[in-house]
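Data block below; observations after.
Just so it is clear, A, B, C and D label the chains in written order, and each chain counts residues from 1 on its own.
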Amino acid sequence: MLDTIFIGLSLGSVLLLVALGLAITYGAMGVINMAHGEMVMLGAYTAVMTSLYLGLGLIAAMPVAFLVTALMGLAIERLVVRRLYGRLLDTLLATWGVAILIQQAVRLSFGLAFAGITIAGLGPGLQNVSLPEWLGGVFSVAGSEISVYRSFIILVSLLLAALTWFLMYRTSIGMQLRAIMRNPQMAAACGIDTNRINALAFAYGSGLAGVAGVLMAGFKTVFPDMGTPMVVDGFLVVVMGGVGSLVGSILSAGILGQINGLTAAVSNDIIARAVVFAVVIAVIVWKPKGLFSYKGR
Amino acid sequence: MSINRRHFLTASAAIATGAIAAPTVFSRAAAAADSIKVGVLFSQTGGLSIVERSLTDATRMAIAEINASGGVLGKQVEAVIEDGASDPKTFNEKASKLVIQDRLPTVFACYTSASRKAVLPVFEKRKAALFYPTYYEGFECSKNVVYTGAVPNQQLSNFIPWIIKTLGKKKFFIVGSNYIYPREMAKVSKILIEKNGGEWVADEYLELGHSEWGSMVNKIKSSGCDVVLSNVVGDSVIAFYREFKNQGLSHDKLPICATVTSEIEIAAMGPEYAVGSYTSFPYFQAIDTPANLAFVERYRKFVNDPKAVTHHALESSYFQVYLWKQAVEAAKDTSAAAVLGAIGGQSYAAPGGKVTVEKENLHTALTPRIAQWQADGQGKIVDAYPEPVFPLPYVAYGETQQNLFCTPAGLDAAKLKG
Amino acid sequence: MRLTKSGLNTATYVAFIALILAAPLVFDPFWLNRLSKYLVFGMLGAAIAVSWGYAGILNLGQGLFFGLGAYAIAMSLKLASATSLAQGSDTPIPDFMLWNAEPGAPTELCCITKGSFLWIPFQSPWFGIAMGIVAPVAIAFGLGMVVFRKRISGVFVSIITLSVVLLMRLLLVQAQPLTNGFNGLTDLGYLTVLGLEFDPYMPQTYYLVAISLALVLVGARLLVETRSGLILQAIRDDDRRARFLGFDVPRYQTFFFCASAAISGYAGMLYVMASEFASPTFMDLSFSITMVVWAAVGGRNSILGACIGAILINMIEATVSETPALMEAWRVVIGLAFVFAVLFLPRGLAGLAAGLRDWLVARSEGARPHAAPIPAAEERGRA
Amino acid sequence: MIQNPIGAPASGAALTIDGLTVDFAGFRAVDTVSTVVEAGELRVLLGANGAGKTTLMDLISGKTLPTAGRVFLGEREITGLEEHRISQAGLGRKFQIPSVFRDLTVRRNLEVAACRNPGVFANLRLGFSPAQTRRVEDILDQVGLVTRQEDDAGSLSHGETQWLELGMLMAQDPKVILLDEPTAGMTEAETMKTAAIIKAMRGRHTLVVVEHDMAFVKEIANRITVMHLGRVLAEGSVADIEANAEVRAAYLGAKGIR
């Protein structure tokens, strides 16, 4: 039983990793960034490349990945998203195009494949990252074997959530961002540089996705399409939790993780996934604003 | 009807060239007249391109070799390559382009069953020949397809008894991706397990492409099994093996015995996660024969990648071009009917050993082998059949070499009921 | 001659329909078949314009309706195929059911696997055709009644439709003994109506598709021109205002959602006839999003525009992907095209055409256009 | 249940409000408000910001559900019905922030409002009857938007948008119309034109108007209801209210009505 709950917790933490960035870009900025999954993918590739060429380990790869994907996010915000504020559903379509572009760029080693140059670590193939010794294996708690790496992911995702909370609620940038969330015109009128704050927030959200990618690389396959299914799950978490509510995203990731883990334990993973979809649909129909919406009503 | 259509074709082809249909301008079918054109259709893009690009490469390599040694019937072979984009819809469309627009009698195509099923109507109704290089679930008896990959009996009939008798493992946990191939492999396995005195404790499935293995591995841990039979495909494989080790399981005590895990997946997951596990395939890169070593060498040179791996479907993609060449030369004709008529009985000394296309069902006799994965990412062959095994696509229904269901006349459906 | 907006609009429809009906004079059977698939996609574009452009409902699960239509007719055609008749049973039975069934199960549709009796009525192709419309409409109706009654709008509708299509796809693949799972339904018979066999490479199939598309375009256009269509657009602009004018908003939304579903289901059926297979990939998320992008590029507020957008993008995709130099890069080209279309053509190609139209009208009136082009449609339903 | 001080609606009453109360988590935005608006009357609702005027309109028109109390339109009870049902029963409403169909032309806006039949199937027909067309053209004329009829409503000025919304209410032709600050943000000239339109609507409709501009109020009002902190403070003719000491104290301050 304990290991089942642990698995649920772990599934939830993986969901949260992806959803955290979305909670910023979608929840706070209203941008449906379909390329978020590709940010995760780029983060994972950063882990592959840094270990291949710089000999960096998983931990050291995290800040690098954060930087790489944050810069990428900044570029996307500048070039695409900025032109689409207020056209929520159009951001979905444009970033879908961006997602296709990024995927194919990685697959073609950023165009170098045309010149016949292959770069180890890129290209269409499957890549991987080895875990450091101390993150592999298991430890025992009350007779249950608990995976070290999964515990590590839970820890990191909670730390990142706490960091995000701190940035949002305890710094002036976070306060400005929350002001923009509620009323962009008013915030601009109050002298908040909305362009700058939006760009920073988008970069931060993308950077979180990059860190998530590094952690994914530690136990999943790294390949150009890896991000696509993740972004859907991430959106479900954020919408169910209540758009704009960080705590809501955290709790809904936890709830969906446990539902998934428990259902998978008593029946199977396919049913578990179906149940997760059904729960999300039911919650949105029941409470369209999400479980923990920051607005009243 | 056929006269009608031909008339229609010639009448409209001329107009079409200059018409708004710009795409016809790019048709490469109208190239040099004294070459023999064949179609090649695998995914160059999308998720499956990971594997399928290597199949295109192997096919191109075989064609290049054939051309270098004088071609077929004195003519050069020219490949018309299209991209299936990992999507059955696109496979269907491109297959109809190759067969109907470019009028190619023979196409080397498809990795997944789903894509093969999507192109099948194009080949069957338009009487073209499809060479299909992948191991698959069986249950097909098309007279327009030459199957050069393994069918369940060629992967399992040696594997299951070997696991039970040699490894001494008796309690199977069967796990697979949720589609027809793993389900059929499971069905055949269960028959064999029970026949050999073993038992199976679970038969579980995950969505294709699923990469979250936490729950499943936890289930395996608590199931009390002593061996895992994996029919998991694609990138899920990697996540599976990694999770398996991360949750503290080891192949020494609880080996994964797989039917799909090939050199590609092993290289992608990092060999340390697979050391000690087993796979059953007719071909492994590690087959230690001069022919195979030379083949691996040539392939690496061809794709300009000194670390490129070879695998079962890749080898089949390669040798099936030679089988086609032999059939064309035997018939002295490149038409689909001639190729399909002459292909039965053709044998070829493939990198992995002798292969023969059986006259009865156009499937290929292959040599089952079992390999144990080593730290260098190569399989060590631990068991091999002394000779190629006859393919039985309907083995789950009790098909035997003496009592074939798929015959030159087609499928004998009456036998399915028994 | 004085040009009018509506006159030019009608002329565009007439010209387009004349063009697709004349295509067999120019194209060979292969391109005709390929074109018929693209016309089907064009029909999907029109369906999206109805629900997105006119009703403001961005359905990210349009593939569900397409897939249901496709499976409905594919089930009938599967039972009509030669192999289904040759499975050693008195009644036709799909080959895959035999090898998915438990050993020793009776080889009858009634009871070979759990739920296989659902296939029995599909022995009549008319039932399959009817279900191809009825099933999508029924699901759209149920979904609409719940979602729109609860006043869910905008991106939340999108998320719900997206979840529903993913859920249905999951169940479809899971129900392998009934649906052949991931491999989908292939090896189908031809639909034969009144002795006319619809071989996908014969002109009659093309004409079936082309005439269907013409009817759908005209029908959809008329539908949105009715008072109900007008009220629907009013609801899209401001549902609260419409409510206070006395209109039962959810009913209007559900009605047009169903209309869009019916068109998509019909398109699914035609696609099966043109391509001879049905696959769960029709319900892939990427396919549903791709459809929306077609409509966005063509012009979400224009039925004909969205339709032409779908046809054009597919033609370009085919051309680019069959150009050897671009074999691997064609997706980059397509991705870039999407981004640019969304950024710089918010009203799609139809917006360009409308600008041209207004310019022509203004010129023929001898005056300069009196109003600037309509600004980009505001996104409704921001949370 | 709150006691009913008025009882069943009197015949001749267009709108009867009986003990209407709404409680937002302990805060009573509208507290046992009762009043009767006679058919053909133009009633002005007066009150400071937060007095509960707009909330009262929300409760009448079905936007918000009341905690207690009842609303009658004529003799029919409309408490708790959905907005479109209340509207079908004969109540129209203009919002404080003008609300029109921005992507439709001015004419189309009025045509939508003139579709008397609410059903989706009943409206599956093309075009409008000559009578409806005439009506739409009359209204265009009355609200002075004839020259702009083919423009998108989104391109109208603030004042024009207000007039269009008033025109839509005319086209809808309900018995009772609620107008929430019809002159908010208007210039002097625009206000005068609005007053003219509202006067023209009088007689044909019963009107309830929320308004701050006292000059405007004096121009149009029959009777005034003053609200304060969610309750009715006073009700009477313009002169009555101007003379009312309680109103002066609570709302108008010492200076009285200018």
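Please note the rule applied: a residue touches a chain if its C-beta (ideal position, glycine included) is under 8 Å from a C-beta of that chain, and two chains touch if they have at least 3 such contacts.
If you're wondering where the values come from, they're calculated on a predicted model, not measured in any experiment.
Trainee: So which chains count as neighbours of both chain A and chain B?
Mentor: C
Trainee: From the Cα centroids, identify the chain that ends up most central relative to all protein Cα atoms.
Mentor: C
Trainee: Please tell me the distance, in whole Å, between the geometric centres of chain C and chain D computed from their C-alpha atoms.
Mentor: 44
Trainee: If you average the Cα atoms of chain A and of chain D to get two centres, how far apart are those centres in Å?
Mentor: 49
Trainee: When the C-alpha atoms of chain A and chain C are each averaged to a single point, how far apart are the two points in Å?
Mentor: 32
Trainee: Roughly how far is chain B from chain D, going centre to centre by Cα mean, in whole Å?
Mentor: Chain centroid spacing, chain B to chain D, equals 74 Å.
Trainee: Counting only residues that touch at least two other chains, what does the list for chain A look like?
Mentor: 104, 107, 270, 273
Trainee: Which residue numbers or ranges of chain D touch two or more of the other chains?
Mentor: Chain D, residues with two or more chain partners: not present.
Trainee: Any chance you could list the residues of chain C touching two or more other chains?
Mentor: Answer for chain C, listing residues that touch two or more other chains: 170, 174, 328, 331, 378.
Trainee: If we use the touch criterion from the header, which chain pairs count as touching?
Mentor: All chain pairs meeting the touch criterion are A-B, A-C, B-C, C-D.
Trainee: Can you name the residues of chain C that touch chain D in the complex?
Mentor: Within the complex, chain C contacts chain D at residues 222-223, 225-228, 230-231, 233-234, 236-238, 240-249, 251-252, 255, 370-372, 374-375, 377-378.
Trainee: For chain B, which residues count as touching chain C in their complex?
Mentor: 5, 8-9, 12-13, 15-16, 19-24, 26-28, 44-45, 81-83, 85, 87-89, 92-93, 96-97, 100-101, 113-114, 117-118, 120-122, 124-125, 139, 178-180, 183-184, 207-208, 396-397, 411, 413-417
Trainee: Which stretch or stretches of chain B touch chain A in the complex?
Mentor: Counting only chain B, the residues touching chain A are 45-47, 49-50, 53, 178, 204-207, 209-212, 214-216, 218-219, 221-222, 235, 238-239, 242-243, 245-248, 264-265, 267-270, 272, 304-305.
Trainee: Note which residues of chain D are touching chain C in the complex, please.
Mentor: 61, 63, 82-84, 87-88, 92-93, 95, 99-104, 108-109, 111-113, 115, 118-121, 123-126, 128, 150-152, 154-155, 168, 172
Trainee: Looking at the complex, which residues from chain A come into contact with chain C?
Mentor: 30, 32, 34, 80, 83-84, 86-90, 92-94, 96-101, 103-105, 107-108, 113-114, 228, 232, 235-236, 239, 243-244, 270, 273-274, 277-278, 280-281, 284-285, 288-289
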